[in-house]
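Below is one structure, written out as structure tokens; the observations come after it.
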Amino acid sequence: MMGPEVTWYLVVAAILFTIGALGVLVRRSPLIVLLSLEIMLNGGNLALIAFSRHQGTSDGQIFALAVMAVAASEVVVGLGLIVAMSRRRLPLDVDRLTTLRG
Amino acid sequence: MTAVATTAWICLLSPLTAALLIALAGNRITRRGAGYLATTSTFVSFGAAVVGFLSMLGEHPEERAEVTTAWTWLKAGNFEAGLSLLVDPLSMLMMLIVSGVGSLIVMYSIGYMDGEDEERRYFAYMAFFVFSMLLLVESANLVLLLAGWGLVGLASYLLIGFHHERPSAVAAAKKAFVMNAIGDATMALAIFLLFWQTGTVTFDGVFGSVDGLSDTVVTLAALGLLGGAIAKSAQIPLQTWLPDAMEGPTPVSALIHAATMVTAGVYLLVRLNPIYEAADFVQHLAAAIGAVTLIVAGLIALVQNDIKRVIAYSTMSQIGYMFLGAGIGAYGSAMFHLMTHAFFKALLFLAAGIVIHALLGEQDIRNMGGLRDALPRTYWAMLVGGLALAGIFPLSGFWSKDSILASALAGGTYDRILFVVGLVGVFLTALYTFRMLFLAFGGERSAYAREHLHDTSHGEAPFSMGAAVAVLSVLSVVGGWLQVAGVWHPFSDWLEPVAAPLVEPSTTQDWVTSLVSLTIALAGIWLAWLIWSKRSVVVPELPEARRVLEHKFYFDELYDRLFYRPADAIARALRRDVEEPIVTGSINATVTSVREAGRASTLVQTGFLRSYALALMAGLAVLAVLFVALR
Amino acid sequence: MDVGNVLVWIVWFVAAFACLGSGIAVVTFSNPFFSALALIGNLASLAVLYLLLSAEFVAAAQVLVYAGAVMVMFLFVIGYLGGRADAPWAGGPSWQQTAAICAAGAILVEVVVAVGLKSGDRLDDEAGIDALFGGPHEIGRLFLTNHLLAFEITSIVLLVAAVGGVILGAHSRRFDQEARR
Amino acid sequence: MSGWLTTTLIFLPLAAALVLWIVPWPRLWAGSLATLVALTEVGLWIVGLTEFDFAGGLQGEQQHTWFSDLGVSYHVGMYGFSLWLVGLTIVCTAAAIAYAWWAGRDRPRTYFGLMLFLLGAVVGVFTSQDLVLFYAFFEGMLIPLYVLIGVWGGADRTRATFTFVIYTMAGSLLMLAAIVVFGLSQGTFDLIESGTDDSAWVFLGFVVAFAIKAPLFPFHGWLPVTYRESPPEVSALLSGVISKVGAYGLLRIAIAKFPEPAQDFQVPLLVLAGVGLVYGSLLAFRAPDVRGVIAYSSLAQMGLITLGLFALNDQGFDGAVLQMVVHGLISTTLFLIAGGIERRTSTGEFALLGGMARGRPALATVLMTTGVIALAVPGSAAFAGEFLILLGVFNTGWGWAVVGAVAIVLAAMYMLRLISAVLHQGRGSAVTDAALDLRPAELGIIVPLLACVLALSAWPAAISERAFPGDKAAQVVEAQFK
Amino acid sequence: MIDTPSIDWLALSPVLAPLAGATVALLLSVFLPDGMRRAAAAFFAAVGLLVGLVLAAYVYWKSPDAQGIVADAARRDRLATLAQMMIAGAGVLTVGIAWRDQPRQEHIGEYFALLSTAAAGMMFMVSASNLMTLFLGLEWFSISLYVLCAIDIELETSLESGLKYLIVGSFGSAILLFGFALVYGATGALELGAIGQAGRALEHDSLLLVGLAMVLTGLGFKASAAPFHMWTPDVYQGSPTAVTAFMSAATKVTALVVMLRVLNTAFPAQEDLWSGAVAAIAVASLAIGNLAALVQRNVKRMLAYSSISHAGFMLIPIAAATELGAKALLYYLIPYGAASLGAFAVVAARERELREPVTLDNLSGMGWERPFLGFALAMFAFAFIGLPPGGLFVGKLLAFSAAVDADMIWLVIVGVVATAVSVYYYLAIVRSLYMRTELRLVPAGGAPPREILLTASVVLTLGIVVASFVFVQPLLDLAGNAASSLGF
């Protein structure tokens, strides 16, 4: 294969996943949290495609396509929720969503 | 079932039936009716005993013992105790005494208790007592004996506490019961020991294998049984309940605490003589306890002012003689004294009861005096009783007491020491008995007596009371003629098959004893006359001795310090230091700490969704590290 | 090492760093609008990596569907909401950040270590592939054969999301009426 | 004796409970229906008694597979001692139900349904021959008890229920673990089929559960508050019947199935029993109220029964069974009387009571009779039981019997204290003229119980001789009741 | 040429039926006037689920041997069909509970449609047998549930719970996805059986193990096992109660059955590792669930913690990794699901009556005012403790037996202690129902509406809870057949 081996892609995928996770863990804006989730999913996707290339089977790519659809679905619902919340004049700050606790 | 057995059952069950009927009838029976019912039942008992006695007379002396079993009362594995009666000369004698004296006293009660608002309860208790006492003396095995033993204790408790609104009566009743429970417990332990060593609890079976037992076993068993006897018979050191028991109505004192129940210890010693003979240490101990008790009780009686208490201490003292007798192996003499004592002591109590009745319940002899004129017949009855008690010829007490003392004289050195003690006791007996008589009946009437002595114009007492006293007076006089030392002794012969005496005094010893003791008794009466009637001799003050005697040698105080207070303190300490902080406290502590843990665990649930994701992440990190590290 | 290979390496480096850089940008920008824009860059650079991995169809889909359609929706919503900014690291207990970094770091290290342990033996040798690999034909064939079910379900998921979006995003008539009152 | 009889004894009250709950009976009907069912149970039990062959082993047996994967079945049946304990349960519960009916408890349908449910569960415990079934009934008892105490109890009932239920649950859950381990190692949960086990831990799992249920010192932390706060008839059942479940379990399971650990732990358990006996007696002696005395005396009695069980000989076993029945009857009676006293004076404090004998002959007679039998006056049934127990344990070591003898004296002290504090001396401040004597209805409930005790006093061998097949207790226990 | 794989329509039919029901409900809610929407949607959702239930039973009957369908993307076996029956049953009962839910909801048609869809997704997921279908199935029902949680958009808590669920859920999904990717990379296979085959050769390959850790995390999240449980109380509390009821029963079935299948099919060679991990997770769940529940006042929240602790109980037999364990789990799910549904149903009824969240305080006296519902809730509480006559009694017995069988007695001890702690809060419910002296009923305006369907649901759940105690063997046979399709 031309270029770097799968391992390198995997490292990038892992870093992407970590970045996304960090985004979820430290950001307060739900919008950015949603974006971070996209990054995590993309990290997974990259790993899938890298492995797919490594195995020589296209299954991983199919999986990645499906994940895209899933990611899109999550975004739709997530954005819908955020819109609904902003309509209710709720703070767009996940740290202030603490009515439910204890 | 033979005729004798049948009469034994009738004798036993008749009073029980009466007791149950009265209890169940409640208000449907009149108070008087209850009295009649109880009296009838005890007379039926007595009649049955007499019939049984007569038919037993017809049998050969060696074939007079008979066991009759109704059903197996208790059984477990190889342990078996039947509801069995043993009818033999000894139990027949006791049946006669118990039902005979019992019926007289119950009859007396009809008059005495007239007007009490809980008469029915009283007669039920009395009948129940007679039943229990008969069960005690008729039982054919140790377990049933213990049952009867406990039931008489119960009846005693019920009757002592009959006036239950009086705190002192209630306390006295409880004390009597608890002290007897101690005796019951030691008896039970002895029975356990005997059962595991002999495999049986019937008298026959135990006596049959007593020879094969080791000294230790038989000594321990005899000690345990002696514990029961001491408690029941109010011998030192378990004597303190008896004086207090005088809180009960006077007929109760006469029946239970003079004539019958308290002598059960003597019956036990005689009944179990094979065991005691095998354990001669314990037998000697019993004699010594009897001797000590008769002196101590005699001394205390000297300073008592309650007429009933004086008689109560004299009872202790006389039972001391019986213990002494049984302890030296003079079974016939001990039982003989038991019988005569039942007569004259019952007489004394009943006569005292008439006095108390006449004085509206007053019992202090200092508040009496000069009653001879007011209650002449009572005075004579009391005098007969007192003379019999003091052992004056030819009254019953003379014969029976002397035969015990003669037997002591006939024994070894140990027995002779006891003989001397017995003689001292004779002097004391005469002294306190006549102190009481002179104070109560002689001299001037006290202010109280003048004020309260109720009208005796229509007779000193109702018929039922008078009749009982009369019969007992006669018995106190003639009761001793059944056995004249060295001349004729049908009484001892009657008991021979059950309890053959270990010592046989010679005729000389009998005569010597009679002479000496009669002299001493007369000396005692004379001294009493000098001090309390003629008042020519002044009792030395001796405040220390007096205080000791008035505090009954501090036994109550000692037991209070030694047992009651420690038990009470331990109970309080357990409650304060174990129950509350540890047993229940540990539960509370556990619940609290678990709740606190719960509270702490919800602190993590902050509501910050980022921390939720963090937990997910951290959990994953730990899992992955573990997996990779452990692989 | 031939020129082609060097070129690929260079492209890889550029794409990988662009990818990671834009990813960090998404997470660190305080304005969601810029974050979203950075994500588009991220997705695009990923598409380049996909191409390098011979996944042409996925790369295309990534650009068209993801970076295109999905992100447009994102930007639209951000615009609608007015894109309020928040400080990236602010708020929450401080241990939260520390712990987050530790946990995320731990995961990263673990995956890298695991990959490293693995690459010692088998990750090196790659399977040979034919020209069709990753192409629309291949993908299409798989979608209609082996992964038919997955394909169908993907559509269901999208449908569910659409319905959900409608429910959540739609104006509530009554709510509006009440708000007007 | 037919197996259906056993099953009917268990399920008739359960079914009746359901009927009571579902059908909206009028207020007055609920109590009468429950009483009727309880009396029917008594009748059925008497039928069983007449048909029972005391020389034989398990009777009235019935078995259906419940789930075969673990070898669990619905397997019921009775031995002599189970029959007596079932009888105790039925008679006492019937009395309790009748008492509650007379006392007029609120919400009668719920109340009587729960009482019947309890009855069925306890009968189930005493007849189960399968460990899982046993455990199911054992736990099932808790539901009605919890609600009965929690709803109809005294002021501090919340604490009482929580302490009681959680404590006993903790114990029984340990037993669940023990049951699972035992059953799996045996391949079956059937008590007849399974063999013995020598695991000390499993043994202790059972023992702790039963010790809490009984309770035995020092596991009695729940006892004072629970016995004090429950409705009197429920306290009566707790101390009269439920506590016997613990002793029954020790006998049927812990001793029979674990012969070696039972031997190994004989001394520690005897120590606990002996300490509990004296400890309970001492605390009863200092307890400030009627129920306190009865409660702690119950603790002492359970210690005594355990002493008998762990004597591990004929006399001990027979005596323990006899004493279980007798104490059950006495304790029930005492609690019902205590209930009667509390109804009249609205207190059980000794300081406020006294002098109730005057003018209340029925109360005095009943309390006096029960009290003196409770203190095991020689000649009574309780005496017979204690005698056998101490006789048995004497053979194990004379010291145990001495401890028991000390406790007999203490029992006399506390019981007499109770009797005189209620009945005697001056009139207490809570005793008014409005406090009437026992009513005929109350007597109708209490006197039959007392009659049972008196009948047993006349013939204790009825039970002691008929508790185990052929009266060979030790042998039968050693053979695990097979 | 493309050869479309043969499709076993029968095997898919249990999934398709509720999906069809959902579609009809959705369409009708567009066409029908406001007044009829609720009835029509609920009816078709219920019918779809019922048909699904019947079909699942039929397929169960017809599938003694397990086989792959549609190119091995899913399995037609008794494990799947049994789980489908449970889920469909839970769905039907939830429709009954939800019938009167949210009277002001405009999207009522969508509500029932989504409920039905979520059930279909779960029913699909339990049969899915490759990583991709698993992931898609998971997202299918998760997204439906996100929307359902937030559907009461006028309620702040509902939105909050929806968002929390969405974000944490997606986070979990992303982890699961990455794990799947690693597993795929390590084994080169997507199909579970093939992964298992390849895994035997790999044994303790580090990539596979990290993947396994991620898979466990993702599935543990769905099963709300500690420490992945933290979303549960918030989401359960904030969501519409009917949805909570459904989640507590059906999600648990799905997650645990899938966990059972994945671990035993795809990772049999790594059993030594995951068995311990699952045991540890079980212990954590038991500890946290029970402790935190102790101090709750809000009943829904308390039940949420209780569901965490029950997840712990159900993980015990999974950790045992034996056929007995599988049976125990499958049996346990039946009475647990029923009791959970029933308990939330009663809470829902109370909530609608009071129009405020149900707490231990305002539950007081309910047992006397609403005899049947109160009785039922009390019975559920007793059942949760594991008292007879509730099937959970047998469930716990079986779970503990499985643990002992697998030499994990310590797990039994933990379970026992946890149960003892749980007594406290379950009894607190009963105490509120019956034993409060002050009856502080907040009047909600006259008598509460008679909810026949909700009451019927409660009757059914109560019936299942009790019947599962009595008829253990038939249920165990069902579970045993299902477990055997995993091929222990």
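All chains are identified by letter, namely A, B, C, D and E, in their written order; residue positions are counted from 1 within each chain.
We take it that a contact is a pair of C-beta atoms (placed from the backbone, for glycine too) under 8 Å apart; a residue touches a chain by one contact, two chains touch by 3 or more.
These figures come from a predicted structure and were not determined experimentally.
Q: Quick one: which chains contact chain C and chain D both?
A: B, E
Q: Which neighbours do chain B and chain D have in common?
A: E
Q: Give the chain pair that accounts for the most C-beta pairs in contact.
A: A-C
Q: If I average the Cα coordinates per chain and compare with the overall Cα mean, which chain comes out closest?
A: Central by C-alpha mean position: chain D.
Q: With chain centres defined as C-alpha means, what is the inter-centre distance between chain B and chain C in Å?
A: Taking the mean C-alpha position of each chain, the two centres sit 103 Å apart.
Q: Taking the mean of the CA coordinates per chain, how far is chain A from chain C in Å?
A: Spacing between the chain centres: roughly 6 Å.
Q: Could you work out how far the Cα centre of chain A sits from that of chain D, in whole Å?
A: Chain centres of chain A and chain D, defined by C-alpha means, are spaced 65 Å apart.
Q: When the centre of a chain is set as the mean of its C-alpha atoms, what distance in Å lies between chain A and chain E?
A: It comes to 26 Å between the two C-alpha centres.
Q: Which parts of chain E, given as residue numbers and ranges, touch two or more other chains?
A: Residues 132, 136, 139, 143, 146-147, 150, 153-154, 162-164, 167, 171, 175, 178, 182, 206, 209-210, 233-234, 295-296, 424 of chain E each touch two or more of the other chains.
Q: Scan chain D for residues touching two or more other chains and write them down.
A: Where chain D meets two or more other chains at a single residue, that happens at 162, 166.
Q: What parts of chain B, by residue number, touch at least two of the other chains?
A: 591, 602, 605, 607-611, 613-614, 617-618, 620, 624, 628 - these are the residues of chain B that touch more than one other chain.
Q: Which chains are in touch, pair by pair?
A: Applying the touch rule to all chain pairs gives A-B, A-C, A-E, B-C, B-D, B-E, C-E, D-E.
Q: Taking the complex as given, what residues does chain E use to touch chain C?
A: Counting only chain E, the residues touching chain C are 2-5, 7, 19, 26, 70-71, 73-74, 104, 106-107, 110, 113-114, 117, 121, 124, 132-133, 136-137, 139-140, 143-144, 146-147, 150-151, 153-154, 162, 178, 182, 186, 205-207, 209-210.
Q: Which residues, counting only chain A, touch chain B once they are in their complex?
A: The contact residues of chain A facing chain B are 21, 24-26, 28, 94-95, 97-102.
Q: So in the complex, which bits of chain E are touching chain B?
A: The contact residues of chain E facing chain B are 163-164, 167-168, 171-172, 175, 204, 206, 209-210, 212-214, 216-217, 220-221, 227-228, 230-231, 233-234, 273, 277, 287-288, 290-296, 421, 424.
Q: Could you pull out which chain B residues touch chain D in their complex?
A: Listed in rising order, the residues are 23, 26, 71-79, 118, 121, 132, 135, 143, 146-151, 153-154, 157-158, 161, 164-167, 170, 173-174, 177-178, 181-182, 184-186, 188-189, 191-193, 195-196, 567-568, 570-572, 574-575, 578-579, 582-584, 586-587, 591.
Q: In the complex, go through chain E and note every residue touching chain D.
A: 324, 327, 368, 375, 378, 382, 385-389, 393-394, 396-398, 400-401, 404-405, 409, 412-413, 416-417, 419-420, 423-424, 427, 430-431, 434-435, 472-473, 476, 480
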